[in-house]
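Shared between the two complexes below is subunit A, which has subunit B as its partner in the first and subunit C in the second.
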Partner chain A sequence: MGASIDVRDLARAAAAGDQHGWDGLVERFGGLVWSTVRAHGLGPGDGADAAQTTWLLLAEQLERLEDQHERLGVWLAATARRESLRLLGAARVAAAAAPPPSPEPPAGAAGAPGREALLWRVIRELPEHCRRLLRVLLTAPPPSHEEVSAALDLPVTGIAAARDACLQDFRHRMVNIGIRTELEDS
Partner chain B sequence: MSPDTNETPDLLGPGDEALLRELRAAARRFDPPPDSVLEAARGSLTWRTIDAELAALEFDSAVDQATTAVRGGEGPRLLTFAAPGLNIEVEVSPIGPRRQLVGQLVPAQPARIDVRHAGGVTTVRADQLGRFDADAISAGPVSLRCHLGDAPSSVPVVTEWIPL
Partner chain C sequence: MQREVRKTVSVVFSDVAGSTALAEQLDPESLRRAMTRYFEVARRVHQRHGGVVEKFIGDAVMAVFGIPHVHEDDALRAVRAAHELREEVAALNRELERELGVALHVRTGVNTGLVLAGDEQEGQAFVGGDTVNVAARLERAAGPGEVLVGEATQRLVADAVRVEPVAPFVPRGKTAPVTAFRLLEVAWGTAGLARRLDTPLVGRTGELDALDRLLDRAAGGPACELVTVLGDAGVGKSRLLRAFAERARERALVLTGHCPPYGESVAAEVVGQLVAQACRSGGGAGPLDPAVDVTDPRSMFRGVRMLLETLARTRPVVVLLDDVHRAEQLLLDLVEYLHAFAGARLLLVVAARRELPAGWPGWNGRPAGTLLDLKPLTEAEAAELAAGLLGPDRLPAGTPRQVAAWAEGNPLFVEQLLRRLADRQDPGVPGPAGSWPVPPAVEALVAVELDRLTAEERTVLELASVVGRVFHWKSVAALAPAPLGPRVGGVLLALARRNLVKVADRKHGDDAFSFRHRLLRDAAYQAIPKRERAILHVRAADQLQDEAVDHHLGQAYRYLAQLAGDESPPPAPVVRPLRPAPAEVTA
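After this line comes the complex of A and B, so read on.
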């Protein structure tokens, strides 16, 4: 509840040109926009373009979006998704003759030691639909189901079940490589 | 900012919650939004144009013809933006890391056009026939701001941003 009022206040201030209000929106939703473009497989360069285009579109349209100020995360996630698909489409046409570039260059974790690195590697080995879903769900701060739905064009009602199935798959893979997760601990 | 401010309409087991927390920490460590991306996001507000007419992207050959023009990669990318009473058609050709724009205002009319891009603002003029071109536009998000006719007071028309 508190969150949507905060966002509405930030949006109203930003629409009036207030930089602090705008910075607050970036702080709140910067992670969501980024994880949405990454979930679509964009690398750092195209991902940065898609993310910035999303924010520029918001800056230009914020005044007109007044009725959506409390659902700004949904608007941003949907826009980041659309811009990701546009960049993927443009890249496909530009590289029609050449083989497509590998979608997502390995992000960190490659040689990093430790449990977190292992968890991240197992996430990256999940089937694509789980990798995408978890990439958005793992945004900080945690997104609402409506935001996840907009980011991935999934029905809101199916997200909890899909998440549970993906976490189940994740646990199986962890058990297979001999790593315990909290389920067994608790 | 509290991490639990979002509604969670379903019940998550305590084990799942702990696991998600741990995975979220891994995501934050291995694929956080880059500082440069957040910096650019914070800087986006300064690009807004107050009291402008917005021209929406109506056609983008890279997306709308992506399935039919699979042999593409040849020829310029075509964009059409539409505002009430004005269409802006643009051909985009990549020249290395730069973009060359050749455009047409419909209906034809003179205008001053600010091409806004990562390298700054490049101002060009559309002639009496509504034709304009701009060179050395930086790759990345681009938007055109058109001041129509000769009246300095007229409301500018601003296109949606699009990465080129």
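After this line comes the complex of A and C, so read on.
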């Protein structure tokens, strides 16, 4: 399905000015670019800037990138990462380093029972590197390990092990808050 | 047990324009009486179409179509109710003008979308959200006496309404513009999205032959033959009836009755359709004997029988009754009565969805009647249908086959998907099949099937959907809350009888089931609130110990992160390459 569409064909069509080719690339890699900038701690506003710059660079350089068309996802992930770091650097100069934003429970959950709060805490307290990794890995359509490696500057060979460790960590935290009995109680 | 579900509903939001000025004009007592009458009108109109008046907020009325039960035509019901409310308020105004010298000007917004519906038994039928907000925003943007319809609603009712677009606007407090349409007219008796019954029939030669043989038998009578055509929504029952009618007309008088989606007396309406056609046929039959009292079953049954017997003296008669799953008991009684007593060369063909026997046990167990089980088309047939609907050269060569695979042999799904793909700005490239949107009409059909289940069946189906398209009895039992565990097998068999799941191929091992259609699995899954989905995936990872553990943990994390606001959808790039080589970009 998704994977059966050849990225090279899409890139070639897009470079020739074909809207459908470009749309196909956006459909294929939009999630990857976005999860990469968000994984670097950029908020929705700065994140959108970094993502738009990434796509702008691709639009400008698509023709010249012909030898990389096959690995366009890797190029996009690396570019999104570079743009994110550039924006982060600029932001740090502007304001003394702010901690990366933590997800807050959605509005309305404030008065919710303790069980609910525990669920948000599992997400919030998962180590930062796990949240970054899972955010990129769980993007739809799923990126390749090479793409994840480029997005997060991690060695390709360590990604599977890191993912397993993070998922197990998540699982233990969920089990610890008594998730096993959750549905039977409610 | 949790019974919150995510579901698509249609919301009608109405308010009285200029009510402050009205309050100045009238004595509080008169104002209150006028408003009470308006509320009564609104409640009656919404109820007539199956809507529930969820609340009155000041002078505003909010009605919801889709709770507690969804209907496949909820959007059309909502639009009809909004339209009719406008007409009935006009009638009310004539009285109010005469009595008090005032008139009410009602603005209405209609919107369709996802809500989280609670357990109605606990008095928490419904939680608001963006779907309701947008309906209210549309109401605000409407002029006095106007109905504005949101884009999602419009897409579901396109063939039954006349609308004109209004300029997209950004409501206060929102960021994205809202697309809306001004409702001008609603056609009665027309489906929201018309079926394509005019295309060449694909497959079904065996079914047509069987019907031909039954007609032979009836014609050689005098005997009344009864055949029930059972099949899933969209599988092609109406198309088959139409094809058979064309063939049968050469040697028989064909009368067709169609059960309306809702209304007060389906039997009387269907009998009316048959009698009107009989009169036009010139087969020597006049209208029903004036002595017939249609409100008295015995009188009506006899009247219809004698009419058909008179017609059948000249030539055999075929009576086709479509959508009989919507019928009330009286119509089914009439069919049984005719089958038992009509001494005429008569063939009765009853087409209905599979829920018919569930509502009327024994319907398909009757020894004298014949059952025709209409199966999905084969993939090759579905591809042929898709190619026929597409016409030449519209889409890349592989598209019909991909569409057929997606639809899994259901002609309605083929039709609706092609329509949805064509709705996209330029249908030149349909995009990868995996990214095709589920057409809203198909989504609504599937939702209706799920909505009909008992709480227990629904829970089991949802648990199964977490496991996947193919699932084992033991996996679902492992996920089930303790009291349900031992009953899972029985519930799964009940779901198989309802044809929502089927026994899976032996290659999947012992006691494996699969969802009848991928879309059923997706709909069951997506109806589970994300929080429960996450919890179920963690439990699945914990209990199932198979290779899918990573998948389950990943899904669980994904949904919790989404709920925690940690994942927003990517913004669309505002750039694209230009040709020739770009020196500038559009922004």
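As a convention for this text, the second predicted complex is superposed on the first by the 146 of 186 C-alpha atoms of A that agree within 3 Å, B and C clash if a C-alpha of one lies under 4 Å from a C-alpha of the other, contacts with A are read in each partner's own complex, and residues count from 1 in each chain.
Basically, a residue touches a chain if its C-beta (ideal position, glycine included) is under 8 Å from a C-beta of that chain, and two chains touch if they have at least 3 such contacts.
As the structure is a prediction and not an experimental result, all values here were calculated from the model.
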Can A:H129 be said to touch subunit B (first), subunit C (second), both, or neither? neither
Of the partners subunit B and subunit C, which touch A:A16 in the superposed model: first, second, both, neither? second
Taking the superposition on A as described, I'd like to know which of subunit B and subunit C A:A90 touches: first, second, both or neither. first
Quick one: name whichever of subunit B and subunit C touches more residues of subunit A. B
When the two structures are overlaid on chain A, which partner does A:L138 contact: first (subunit B), second (subunit C), both, or neither? both
Based on the superposed arrangement, let me know which partner A:E27 touches: subunit B (first), subunit C (second), both, or neither? both
Scan A:V175 for contacts with subunit B and subunit C and give back first, second, both or neither. second
What part of subunit A is shared between its subunit B contacts and its subunit C contacts? 1-2, 14, 17, 19, 22-23, 26-27, 30-31, 33-35, 38, 44, 48, 51-52, 55-56, 59-60, 62, 116, 119-120, 123, 134-135, 137-138, 141, 164, 167, 170-171, 182-183, 186
Which subunit C residues qualify as touching subunit A in the complex? 1-2, 426, 428-429, 431-435, 481-482, 531-532, 534-536, 538-539, 541-542, 550, 553-554, 556-558, 560-561, 563-582, 585
For the complex, give me every residue of subunit A touching subunit C. 1-2, 4-5, 14-17, 19-20, 22-24, 26-27, 30-31, 33-35, 38, 44, 48, 51-52, 55-56, 59-60, 62-63, 103-106, 116, 119-120, 122-124, 131, 134-135, 137-138, 141, 163-164, 167-168, 170-171, 174-175, 179-180, 182-184, 186
Which residues, counting only subunit B, touch subunit A once they are in their complex? 1-10, 13-16, 18-20, 22-34, 36-38, 40-42, 44-45, 47-50, 52, 54, 60-63, 65-66, 69-73, 77, 94, 140-141, 143, 158, 160-163
For the complex, which residues does subunit A have touching subunit B? 1-3, 6, 14, 17, 19, 22-23, 26-28, 30-31, 33-35, 38, 44, 46-53, 55-62, 64, 83, 85-87, 89-90, 92-97, 107-109, 112, 116-117, 119-120, 123, 134-135, 137-145, 160, 164, 167, 170-171, 181-183, 185-186
